[in-house]
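In the two complexes below, chain A is the common chain; its partner is chain B in one and chain C in the other.
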Partner chain A sequence: MSRAFAIAANTFRETIRDRILLVILVFALAMIVASLWLASISLGQEARLMQDFGLVAVSGFGVIVAVFVSAGLVRKEIDKRTVFIIFSKPVGRGEFIAGKFLGLSATMAIVVFGMTVFLFLLVWAVAGEPSGRLLVAGGFIYLQVLVVMAVTIFFSTFAAPVLAAVLGLCVFAAGQLSHNVLSLTQLGENAVLEGLSWVVFLVVPNFSAVSLTPVVVGEQVADWSTISGWGGYLVAYAVIMLGLSWLVFRRKEF
Partner chain B sequence: MRARDDSRKGGRGPSRAAGRRGALLRGVVVGLVMLGCVAGVVAFQVTRPARSAADPAVFVPSPKFFRDLSPSFRTAVADAYWLAMVQYYGEHVKGDGQFDALPAYVRLVTDLSPRFERAYMFGSFALLDAGEGQEAYELLVRGARRNPDSWRIMVTLGMLIYTYADSPDKDKLAAEWYEKAAAVPGSPDYIPRVAAELLTKGGEEAKSALMWGQVYATGDTYARDKALVELDELLPRDPQQRKEALQPLAALMTPQQFLTLSSILMGVLETP
Partner chain C sequence: MEREPAAAVSIEGLRKTVTVGFRRRRVEILKGVDLTVGEGETVGLLGPNGAGKTTTLKIALGLMRPSAGTARLGVAGLHEVGYLPENAYFYDYLSGRELLGLCARLLGLSRGARDERIAEALKEVGLQDAAGTQLRKYSKGMLQRIGIAQALINDPRLILLDEPMTGLDPIGRVEVKRIIQRLREEGRTVLFNSHILADVGELCSHVAIMRSGEVVWRGPVEDAVPSGGGSLEDFFVQVVTEGAVEPENAESGSPGVTR
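Up next, the complex of A and B:
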């Protein structure tokens, strides 16, 4: 396990060197400008709008960064031939995948929580009171980002980085719409199509059911048991995808 | 070999000077091309025709279209359309007074975000301006049903019924909504008093002033401006009488709010 952590630490340093943290600065500037703009046109609703648009931005920035970085994570090691050096040592394929994932997870934690904490402080300054739910929503966005990362790493084990990134983004978009697949299962009379829809519904991560943004703006109510259930689902999904990545990657010959 | 190296580096003497002149010329040409492009881009943008007068008939999608979106983005879409609705109202209230798309905007925002309290309240006043009284009433009833913990929506509904309904029972109907609002935990203490006042005989102007007074006390900037205009029309023009008519409103708001309200409404009398 210590070998996985060594790879994680290296991946963390490598991704930080890529100036990924600049995303937080871009987000902060965008939110400051947006808050000034919203204050003048939202008819007193700037706090609500900032939370809503801010969380969409945290999710958008987080997913885009995660997808593009994780898509090249494995391929970069192969192209630079450093993978030969790594596997000449007693490092397992699973440890390699886990290390890469953990390293990028640490970087993404800084990115997502940096943006969320900035948004939290900005909303606090505008609304005059802190919203703890905003921080929990940021945590959920982080879990969604981890799932998208795991899915993209899985695709990157057998596809080119660009294709893996595109597929990762597609899975994120499909996950936002997966509740529609469920309604499709109830529409048709064809048993095969119905079964297929069920399979798609089970395979695609159900992001639409595990979002805290509507809770933050007061549209939904969710208790802690529901929230922890949602969190458990996302963590389990990420673990499955990492397991599949390991299965594919262990068959590769270097 | 050396001669070839010299020629690569630009050579010495006259050839080096020629090389420098060439580089300078290239720099000038590139600079001129860049300047020309910048001028072209700026000229294109500044010569675009100004935005034409706002069209009252704007396409507003059905809420069904967005309902299939993920819930995490549904409220963001509602917020984006809230901004568009406020903008649309602002453009037309100062312009042609046509609000063809307003009911669709209000329906879209409140259907996508059913607990967006301010959207119901602003939407109802804006619909009244658009001459859509029935739509405003239905919107607030829908809002009260979806938000049983919102005394503000119920109070606005009571006020709307009392002020605009054309029914002999309007006092009773409005009082019912005030009583419902009073039953909501956390509602202000003055609401039961307003309900009781509504059920007394006569004093229509005083009752109306009370209604608009509470709109001023609980509303946003837009609602407060509207309440000021209505109160100015309702209250007597004589300064002493106006001062006396303002007194019952003190119980509806904070001392600071009352001071601001009185100074504005008394100040209006002094301006010619």
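Up next, the complex of A and C:
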């Protein structure tokens, strides 16, 4: 496992030095600051609107960064032939995939928690009533980002980076909508559509059902055991996707 | 990778077929390579472009799978092997020291051993002064030397170098040749691909010549360079264009012709 950590440390160093990451992060912070304008036109709902809009920005930018960085994470090593240096050493394919994932996870922790803490402080300074659950919601967004990363890494083991990124974004979008689409098709009488909706619902990560944003803004109530269950579901999904990535990548020749 | 202690490298009947293009045309790039490299030998693997030299090394290292045949390394594992890829690219955001640190960690060296080996490897390739410089600022010759340093970071028994002299200026070539010479004097096993026949003649104890996915000649350098005159270049051209050649001195005990 120490080899996986060596690869993780190198991946973290690589991604954290990427200037595009900094540009996206600045843009994301600007979007969060823009929530001040929304707060100014709300009637006594400043904190709620800022948290709602801010968490959408954290999630959206987190996913965008995760998808575009992880789509090229494995392929770049192959294209630039740095894999020769790695795999001429006693490094397993699983250790490589785990290392790449862990390294980017560390970078994304800084990105997501950095944005969340910034949002928390902004809400505190402007509205004076940030919910402690805002930080937990940031943690949940981070788990969702990890799942999107694992899915995109899986696609990148056999597809070009652009295609892997598109597929990663599609899975994220499907994961946001699958719950609602299933509910809608259950209202209708088309068994085929309902069956398809069930397949999508079961295969893609069910992001909409495990989001903490409605809890933070007071639209939904959830106890800690429910929240833990959702977290376990996301972690399990990420682990399964990494396992599938390893199954594909171990057959690869360089 | 299978292991066999008798020889440093033992390749038998190695075949590799790949599919190419939209119609997935099958191309046989190795057609039954047989090659043995003894402990302590310095072997130059020669051949025209596309002969299968790089593929042979990659299969020996486990970077590619053979379609048939075996490639065994006579070492306990990849932690005893050093490898320099052809036209090696390294993480250019790392410094030379950071790259060697990464390689040492991948090889499982302890922290104390790491620092010691990094200092030794940098000294071996004469890059102590540039150790903290990012690799994107290295010249081609410096990159080749740091590549050799990462191949030597684990003090390997077996060293595989793929075109170590390619793209180097005369000074860089001399430096790399000096390193290979020193490895030979230390009794390490070195197998390297090269197109620069003069260097192979100067550095190697043995030569293997590949053509169209097969080893068509293997023997000591002296057998390839006739005592009455001629050069390794003449011999190479003759073997590659005309096929197998009997060794001049049959009593030398060389493995000689392989087909």
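FYI, the second predicted complex is superposed on the first by the 219 of 254 C-alpha atoms of A that agree within 3 Å, B and C clash if a C-alpha of one lies under 4 Å from a C-alpha of the other, contacts with A are read in each partner's own complex, and residues count from 1 in each chain.
Please note the rule applied: contacts are C-beta pairs under 8 Å (C-beta built on N, C-alpha and C of every residue); 3 or more make two chains touch, one makes a residue touch a chain.
Given the structure is predicted, the values throughout are model-derived calculations rather than measurements.
Taken together in the superposed arrangement on chain A, chain B and chain C fit without clashing.
For the superposed model, the angle subtended at the Cα centre of chain A by chain B and chain C works out to 150 degrees in steps of 10. Of the two partner chains placed by superposition, only chain B is touched by A:207; chain C is not. By the touch criterion defined above, A:45 reaches chain B but does not reach chain C.
Touch criterion met: A:180 reaches chain B, while chain C stays clear of it. Contacts of A:53 after superposition: chain B is touched, whereas chain C is not reached.
By the touch criterion defined above, A:6 lies against chain C but remains apart from chain B after alignment on the C-alpha atoms of chain A. The least CA distance from chain B to chain C in the superposed model is 23 Å.
Overlaid on A, the two complexes show chain B and chain C touching no common residue of chain A.
Of all residues in chain A, only 38, 41-45, 48-49, 52-53, 55-56, 59, 176-177, 179-180, 207-208, 211, 213-214, 217-220 touch chain B in the complex they form. Note for the complex: chain C touches chain A at residues 58, 61-65, 77-79, 81, 83, 85, 87-91, 93-94, 98, 102-103, 105-108, 150. Looking at the complex, you find that chain A touches chain C at residues 2-3, 6-7, 9-10, 13-14, 17, 80-91, 253-254. Contact residues of chain B toward chain A in the complex are 68-76, 79, 82-83, 86-87, 113-116, 118, 122, 220-222.
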